[in-house]
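Order of writing sets the chain letters: A, B and C. Residues in each chain are counted from 1.
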Amino acid sequence: MKNYISINDITNLEMAIKEALYMKEYPYAFAKAGKQKTLGLLFFNSSLRTRLSTEKAAKNLGMETMTLNVNSDSWQLEFEDGTVMDGTKAEHIKEAAQVLSQYCDVLAVRAFPGLVDKSQDELEVVLSAFMQYGSVPVVNLESSTAHPLQGFTDAITIYELTESLCAVNKKPNVVLSWAPHPKALPHAVANSFVQTMQKANVNFTITNPEGYDLNPEIRGEVPVIHNQKEAFANADIIYVKNWSSYEDYGKVQSQDSNWMINAEKLKGTNQAKVMHCLPVRRNVVIADDVLDTESSAVIQQAGNRTWAAQWVLKNILDNDK
Amino acid sequence: MKNYISINDITNLEMAIKEALYMKEYPYAFAKAGKQKTLGLLFFNSSLRTRLSTEKAAKNLGMETMTLNVNSDSWQLEFEDGTVMDGTKAEHIKEAAQVLSQYCDVLAVRAFPGLVDKSQDELEVVLSAFMQYGSVPVVNLESSTAHPLQGFTDAITIYELTESLCAVNKKPNVVLSWAPHPKALPHAVANSFVQTMQKANVNFTITNPEGYDLNPEIRGEVPVIHNQKEAFANADIIYVKNWSSYEDYGKVQSQDSNWMINAEKLKGTNQAKVMHCLPVRRNVVIADDVLDTESSAVIQQAGNRTWAAQWVLKNILDNDK
Amino acid sequence: MKNYISINDITNLEMAIKEALYMKEYPYAFAKAGKQKTLGLLFFNSSLRTRLSTEKAAKNLGMETMTLNVNSDSWQLEFEDGTVMDGTKAEHIKEAAQVLSQYCDVLAVRAFPGLVDKSQDELEVVLSAFMQYGSVPVVNLESSTAHPLQGFTDAITIYELTESLCAVNKKPNVVLSWAPHPKALPHAVANSFVQTMQKANVNFTITNPEGYDLNPEIRGEVPVIHNQKEAFANADIIYVKNWSSYEDYGKVQSQDSNWMINAEKLKGTNQAKVMHCLPVRRNVVIADDVLDTESSAVIQQAGNRTWAAQWVLKNILDNDK
């Protein structure tokens, strides 16, 4: 694997899951794979899980890590080509990417979308620029439209949660459900989850209010049901996430609390496990009566972030030899 | 030792001091004790000594460290139970603590008090939440009411400073003195010093203006003298610290510069050594004519922070085996 | 080498360049030189290259690093002697420097000038204070008046770029050119470059508008030509940098875009390579038609930052044995 930009960079998802779970069992099995290699982590936005789990993954492989909060530690970057840089931005990505490629063996980048201009966000300007101008592998720590480390984590977690189902040759029923949130949130996590489930051996459905359908190019043939109750019937996994409208781009059209996930709603399911990428706003997105019970898989899921990242870094290091 | 929350978590203070001083002499004697273990340092407030000495201590033990400025690097955390999280706080401590426990083998946390609501501060909401919801040992890097790494450091330093006194079987006279400060400061350092001295083989007195008596539950039987000059007579150690009023909680009742420590005031003492946890405001809390002379032990004291932290981490690692 | 404050701390520049280039070829040749040694990096100002290349250099030598953004992570420092600290500054450099010297084996410090009071800036208060009060070697990561890690980097880069010239015993023609910039910038980079070139085996000229002559004490005998075109004739190396006025201290007297470096201006040169310390504002300081072509050496130059820092740290560690 050269870069890890999208879940589609994983060619064999099932094998990748099994290898990641091997790392979960033996975290230091490849403790020298990253010897004398440096991972640069560049954050244009806040992070807790991504930051720490990726640093941890790198260290488990023996890599050094250097973490930069780009806007506060360093200079504001210009991404526009040909511009006259007489404003507030002191450095162009062309230089930054080439320079960082000399200090780091792998660059991992987080840059959220503006959620104002859809086509601008879909250009993935920041991530693309690091790939275009940099000379080392790039890992997506959540970009405008994708969060593939989360997607791979989710696949690992669903594999763990549904192994018994698979053992009796029953495909698990997985539902991605929109839930309300006070702020306009990106589509990245939902997109990567949709793309991951399309590669997985599951029955997959999306449920969201009218006006909240995800990008049809990503959604493809996945059925969308606008009635949450109907969608949850017989669900084995309910993956909860808020996103802002894609059609009316970046807008909060609804904060309808009827879409919040609570224990009552799990009754019609197949004792569904509830997943969420975190951070989760309690009693807005998911109720305490789910998060504080056996129904919740969110902690196990967050724990798996380390092994997803470790697998990705290991594969990039192997490829780079 | 499971957690290090209060100086009372050290069962044998004298043995702990001797072991910490052994580490001071041989910093790398246990360079593999923390192999493949990660210390997470979480700062809700600023830090210089605590941050660097604890990182250093961890590295001396071969641990990896991951440091997070919680508010700027990550998400604002909610600590209230059952709340509807529709405000500015994006993540609940219940998730954060459980998730961080999966990435780190020990969590060290700094969270200062609000100094507005006494009973709220005394709940030690942040630290308690990490202990309640997390699943790894917790180290207190200064909480609302205690700074036990400082307390242990102080015990080590007094032991070094008074060894000769002890050799002739004379208990050193230790005085904790309030001193003025322009801002309202927490009681944590003073509290932990009082608790530490109660466990130490010293004669111990507190001196502060009327209205500044510390929490009687912590102070216990320790005599409080409201006349600083009287308290300093024959002192071997003067420990200087400002704190805001405890009775009139969090208020600055006095900035009386007569309480500042200067060379003149040391005349009636037994050539007392002056200690302070730092940072110290010169010529407000302690005068230059003390800090710049042999009377000051503040640098030696700050240096001992490393060995206090190293002893604590070593004991937690040993217990965790 | 005890400290690295100015390029003059390098006694034999040519030997230093060759040793640094050896490290570039064999980055891990001295991977144990810094074992159980800690480099503290203290930033009073933003940094990208300096921060990451110096961290990388330290790690290549097996050193641990601890990085502190002084103003945001820690306390505001007081540098004035004898002051009554009743304002916003919580800690005096006297304590900070002594304390940090106990946690770190080498301290590296970045502190930009205020550009308001020339004589104040020239006192180099921050750096001097760390040298005066600290007890470990100090490395200048860019101070008010000097950026010697950049200067050494530049010497290494010019050596690489002009080896063929030297082979035929022709001294390269090096020109330092002022270029316009929207903000008032420090003189540190220009000063260190001038000092470095005076030690190097080159023909050296400075070109800048009237009113922008650098400090005559640093400039010494170096010819200054106020006509850029004339200065560029037969140049082998053009080193571009903006600085604010030195005479009318800290002021932007000109933003004359005629001084911007572009491809057209390279025509009269000896196929000159263009250098800049970065960050560079494109199409303000240097045009795209230089930066995006073979004429630019800025990326190679930035890459050499690691080897300059590694050589400096290695020499300090060797001296400290």
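We take it that contacts are C-beta pairs under 8 Å (C-beta built on N, C-alpha and C of every residue); 3 or more make two chains touch, one makes a residue touch a chain.
The UniProt protein names, listed by chain, are A, B, C = N-succinylornithine carbamoyltransferase.
What you see is a predicted model; the values in this text were computed from it and never measured.
Undergrad: Specify, for the interface formed by the sequence copies chain A and chain C, whether it is same or different in terms of residue numbers shared by both sides, with half as the dividing line.
TA: Answer different: the two copies use largely distinct residue numbers here.
Undergrad: Working from the CA atoms, figure out how many degrees chain A turns to land on chain B, in steps of 5.
TA: The C-alpha superposition of chain A onto chain B needs 120 degrees.
Undergrad: Centroid from C-alpha atoms only, then distance chain A to chain C, rounded to Å. What do you get?
TA: 40
Undergrad: Could you say which residues in chain A touch two or more other chains, in rising order?
TA: Correct list: 72.
Undergrad: Hey, which residues of chain A end up touching chain C in the complex?
TA: Touching chain C: residues 36, 38, 40, 64, 66, 68, 72-75, 78, 82-87, 90-92, 94-96, 98-100, 102-104 of chain A.
Undergrad: Looking at the complex, which residues from chain C come into contact with chain A?
TA: My answer: residues 27-28, 31, 43, 46-49, 51-53, 55-56, 59, 69, 72, 182, 278-284, 288, 291-292, 298-299, 302-303, 306.
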